[in-house]
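To start, I am sharing the structure in question, which I have written as structure tokens.
All chains are identified by letter, namely A, B, C and D, in their written order; residue positions are counted from 1 within each chain.
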Amino acid sequence: MEPVTMAKAINLSLRDALAGDDDVLVFGEDVGTLGGVFRITDGLQKAFGSDRVFDTPLAESAIIGICIGLALRGFKPVPEIQFDGFIYPAFDQIVSHVAKYRNRTGVSMPITIRVPFGGRIGAVEHHSESPEAYFTHTAGLKVVAPSTPGDAYALLQSAIADPDPVIFFEPKARYYLKEEIDTAKEVPIGQARVARGGSGVTVIAYGPTVGIALDAAKAAEKENISLEVIDLRSLSPLDMPTILASLQKTHRAIVVHEAPVFGGFGGEIVARIADDGFDLLEAPIARIGGMDTPYPPARYEKLYLPDVDRILEAADLALAYG
Amino acid sequence: MEPVTMAKAINLSLRDALAGDDDVLVFGEDVGTLGGVFRITDGLQKAFGSDRVFDTPLAESAIIGICIGLALRGFKPVPEIQFDGFIYPAFDQIVSHVAKYRNRTGVSMPITIRVPFGGRIGAVEHHSESPEAYFTHTAGLKVVAPSTPGDAYALLQSAIADPDPVIFFEPKARYYLKEEIDTAKEVPIGQARVARGGSGVTVIAYGPTVGIALDAAKAAEKENISLEVIDLRSLSPLDMPTILASLQKTHRAIVVHEAPVFGGFGGEIVARIADDGFDLLEAPIARIGGMDTPYPPARYEKLYLPDVDRILEAADLALAYG
Amino acid sequence: MADVVRVVAADDPVRPLFSPAGELTADARGTLGLSPDELRDLYHKMVWIRRTDQEALNLQRQGELGLWGPYQGQEAIHVGTVAALRPTDWIFPSYREFGMGMCRGIDPAEMLTLFRGLSHGPWDPRRYHFAPLVIPVASQVPHAVGMAMGSRFKHGDDVVLSTFGDGATSKGDWHEAMNFAGVFRAPVVFLCQNNRWAISVPLAKQTAGSIAERAQGYGFPGIRIDGNDVLAVLAAVRAAAARARQGDGPYLIEAMTYRMGPHTTSDDPTRYRSETDLERWNVKDPIPRYREWLQGQGLIDEASLAAINREVETAVEATRNRLKSAPVPAAGEAIFGRVYQHPPDSFLEERQEFESSLESN
Amino acid sequence: MADVVRVVAADDPVRPLFSPAGELTADARGTLGLSPDELRDLYHKMVWIRRTDQEALNLQRQGELGLWGPYQGQEAIHVGTVAALRPTDWIFPSYREFGMGMCRGIDPAEMLTLFRGLSHGPWDPRRYHFAPLVIPVASQVPHAVGMAMGSRFKHGDDVVLSTFGDGATSKGDWHEAMNFAGVFRAPVVFLCQNNRWAISVPLAKQTAGSIAERAQGYGFPGIRIDGNDVLAVLAAVRAAAARARQGDGPYLIEAMTYRMGPHTTSDDPTRYRSETDLERWNVKDPIPRYREWLQGQGLIDEASLAAINREVETAVEATRNRLKSAPVPAAGEAIFGRVYQHPPDSFLEERQEFESSLESN
């Protein structure tokens, strides 16, 4: 297969899901005629008709709210939230219903909420948010974030097939990166991958920061520093065995995400390592993330976001520690 | 002064704030004529009139949304969200506006959002939530949670006087505990207190779990185990100096909150200690919290929530570690 | 600029049944086509659900329930609505529609486990086509619309009933759902139980406008009717449901009624409303009113009334007994059992740990 | 049951100014009382904001702006609205009301820093009584209502204008705000700029109902007007504002217009709409239309038109130069500077660290 972008891989995955199961529905703002503001749903309405792929009025709470009724009816809704910053109006429906409806009724909620997330696209306010921690802390949800076209394809297949609700975060800055993909490969929810083997320091990343971590690993190599990069893929559940296996080798870790550090998902990762891996640790775990401020104007985002230098510095500190 | 309940202390604090500053407004569902479902605003409408203390229609997003316009006009809005579980519909207004409006415009937003929170009151669904982690991770907000009548009085004074937005979590299970209070005492935002001195293990708690932690400390004493209990009071900002000072003595810590552990605020506390206090730590830090499930039916809440036994067990483990 | 979808009278099979004041016309009452048994059954059900309501109140006072939200005064709506629908038509209730659930055949003792703190909603909604009681106000309205959209997509011939209070109409979710319903021409009947209070907030402080008239703004008709007349409710819901079933889209019924009891057992209405208001509504109490009508029509006699009362007493006693003897589910199952269909390993470990800690205590 | 607050004609000073089709009547046009200079100024402003819009589009293409959302076609609303209000009346815009901000006296070069990625909203809203451009659709509407409630509480004689698109009317926040405004009789004028598109979603898929008619459901009047006639907009907003100012509460104006350009520079409208639609609206372009009217009235001649064009060109060039030479704020200040008025110590430390890391690089 030709190399495809992540955008295309997600499009293919939606297409295959729609083709494979009549109960899959794709909807949201501008996903029909336009094919989505990122063209992720391009051509789907034409292929599957407007009862399967449709535009909705501009109302995120209802976009998620209708999923409950559709799921009760046997559908597998795959709504799109247009941008990370516009998921907040749907927060009540997600937290009070999507996450809790099965617990309340015993009826499964096979809902996959797609959300382009993260920054580095030079956008105006509310278009570069990293809200994943709000959802990882919400029991009843599963939360995933691929970093490559192949994983995006496969993980979306897993998410749609999963009988439980999944928040599917798409790193929009990586939409146009290309890769050959194997649509037969399976990526179950809950499995991290070692994106690059190494022995000095473990760098734990997901979604948009995986690329940065890999760049850092390449740069470090030149200085004879070996970084192992773990791409979590799945945030909740979190694949602790893969993380701890890496720590067995490196005894040092760095966590990297775009969201502000304070109260971010990195805290959970560190707290788990510091518990399950207490005796393994030979240095404090640095968390590298956005500043503890609202996302800045575009001109400043490169300074705000994690970058190779900050990872390298943290790696140096970790290795020098003790 | 007679001992007063926390409910009464908050009522007095609102009363004094309303009396001291004409720009303070108190509003929300049922806060006027009824005086609030917990009677926290009892008598305030009578005393200050219905332009200062008023009932609103049933709409949490608007209750918070109007605060922005009121603050731009020079008011200091003190809205009430009736229960923890009903703050989610206002999430967008809080995250996208209350937290970010000053950053956007330079105009301060002296808004204090009061939220009764936590469980152990035998309630039906959505009335026992602990949503604090959603707000501690939101840059631009300050988040506090008192555990005693005196602190509730003083911290609310600080919150209302603060020119920045504050989420004020009230541990509703402790509303009716009594204490003598000193209305002259100041409790600045950002200062934890040592609720009980000790030397063996530091127990870090806030709001509803402070009482449990103190009970555990009393029980531990009988077994010659000394627990130091820190009542955070302020979650964001977090008073790391007080925490680290305690760790200097104990080298061991336990974090206790009612919210589910996964992705909870405890993760932030642990991650900070494991970083700033890496060399102090002699045992993993246990996090004790709600299960990683939606809040259960009332009959099961005691089993779901942190209790004295779980704290004692964790203390034993921490002391035995190594 | 003339592209407003106008709802014309021909589209509205409900309005002709009612006087401008929202009373079912004598003509319409005559053409309901209900048998005497069916008419008596409506009465029987209202008495049954009221008696169960009172019993629940008692059980709460005795500490057998943690909370109770009485629906006294709203029985005509509960009973009339269910009678107007097919059993396969979905109902999406708010939290006060216990009586509707009973009329749908759910065991009240089972439903009461919710108020006993044993469950969040024990029945399978798909079995009764009755969604769970939902507490966050208005949040269930989009669920109903989703179900109705699904019905259309599946070419089903069922319709959906979405019910909510006057307070709920102030919420954003209510609006978004109404608008979706209009756009997707979803087969849904919206039923506002306007009982004039949202806890302590009276209707006049809830909105300055008219709830029924809002429908127009979403492209479908609405009407305000007497919600204390079981036949009026039945007639309105039936006609609106038939319209939806034949593909003509949503309808909004605002049924005027009164919350005769407190908001819940935690509430003290003396703090915010006067007895005189209540007395005014006592006169309109749906149960004596309907009884008198049945009697006037010669459809019910003292003997049948007594028989109904006896049957209801027996049923209520049986409910109480079933409730009290209901098993308490094991904690591990109650807390962890239904969260995920595919629980992650870490979740299963947490459950395991929890369960062994229980055993060790 | 007859407790609906009916808005009667006497309450509505706007409707008599308009034909049923929403056109300003000739009579009403005659009584606006604007001087020839004022009438010419409306034209001047429309030309100025359109030329600035075009310039911004160019600047975006040249990479000087990250994004631009053109308002071409909506100038009559931008200019007419501001002209109808007092400078102390607050305006709460959505993101497309750049032209309104210009009319309020905010330097367009300063406003453009937002689209240049240098700020989230650089001006002090209190100085211009012009709230920041707000991106989450409809979320600004409750802010406007809060300000209007505040005006009432402070016995101010100012009113608030809240503007939003057709898409915004589908949002829960819009509804909650409208209902609050009705209940609190807040002095606010709601102005829907119905430009028939929400990105790619046409009006017919946004709602099946009428936006203007929704006002009734909140207890105040609404009207649909021709939004491509600057005098119609001015007349409607002025009359509605006067009504609000005298304490009669909110009003909803639905101004029909058309988004002639793409949604933003990221959008490609050829994917979802046809040229013919656009051509139909070209005919109603507010600028030539008003110019022809002015010419017909003998209020403007070729010389003044040329003078206006010259002035506008000069202004736009100056704007471009100011924008390009605008200083780039220091990163520490841009990222941390305005988050808190009382920043916590830990926050100041983080800023400090950030700033020293910049220096060390």
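To be clear about the criterion, a contact is a pair of C-beta atoms (placed from the backbone, for glycine too) under 8 Å apart; a residue touches a chain by one contact, two chains touch by 3 or more.
This structure is a prediction, so every number in the text was calculated from the model and none was measured.
Could you quickly compare A-D and A-C and let me know which has more C-beta contacts?
Between the chain pairs A-D and A-C, A-C carries more contacts.
For chain A and chain D, let me know how many angstrom lie between their CA-based centres, rounded off.
36
Quick one: report the Å distance separating chain A from chain B, using the average Cα coordinate of each chain.
30
Just the number, please: Cα centre separation of chain C and chain D in whole Å.
43
Averaging only over C-alpha atoms, locate the centres of chain A and chain C and give their separation in whole Å.
40
Identify all positions of chain C at which a residue touches two or more other chains, and write them in rising order.
Only 120, 136, 139, 170-173, 176, 179, 183, 205-207, 339, 347 qualify.
Give the residues of chain A that touch two or more other chains, as numbers and ranges in rising order.
If we look for residues of chain A contacting two or more partner chains, we find 57, 59, 61-62, 85, 88-89, 92, 96, 100, 103-104, 125-126, 139-140, 236, 238, 291-294.
Which of line, ring, star, complete or other matches the graph of chains that touch?
complete
What part of chain C is in contact with chain B in the complex they form?
Those residues of chain C that touch chain B are 66-67, 95, 114-120, 135-139, 167-168, 170-173, 198-201, 205-207, 266-267, 271-272, 328, 331, 334-336, 339, 347, 350, 354, 358, 361.
For the complex, give me every residue of chain A touching chain B.
61, 85, 88-89, 91-92, 95-96, 99-100, 103-104, 125-126, 133-134, 136-140, 236, 238, 259-260, 262-268, 270-271, 274-276, 278, 283-287, 291-294
In their complex, what parts of chain B are in touch with chain C?
On the chain B side, the touching residues are 29-30, 32-35, 37, 55, 57-59, 61-62, 85-86, 88-89, 122-127, 291-294, 296-300, 303-304, 309.
Given the complex with chain D, which residues does chain B contribute to the contact?
Residues in contact with chain D: 25, 51-52, 56-57, 59, 61-62, 64-75, 77, 89, 92-93, 96-97, 100-108, 139-140, 142, 162-164, 189-190, 236-238, 240.
So in the complex, the part of chain D that touches chain B is made up of which residues?
The contact residues of chain D facing chain B are 90, 92, 120-121, 123-126, 131-132, 134, 136, 139, 141-154, 160, 172-173, 176-177, 179-180, 183, 338-342, 344-347.
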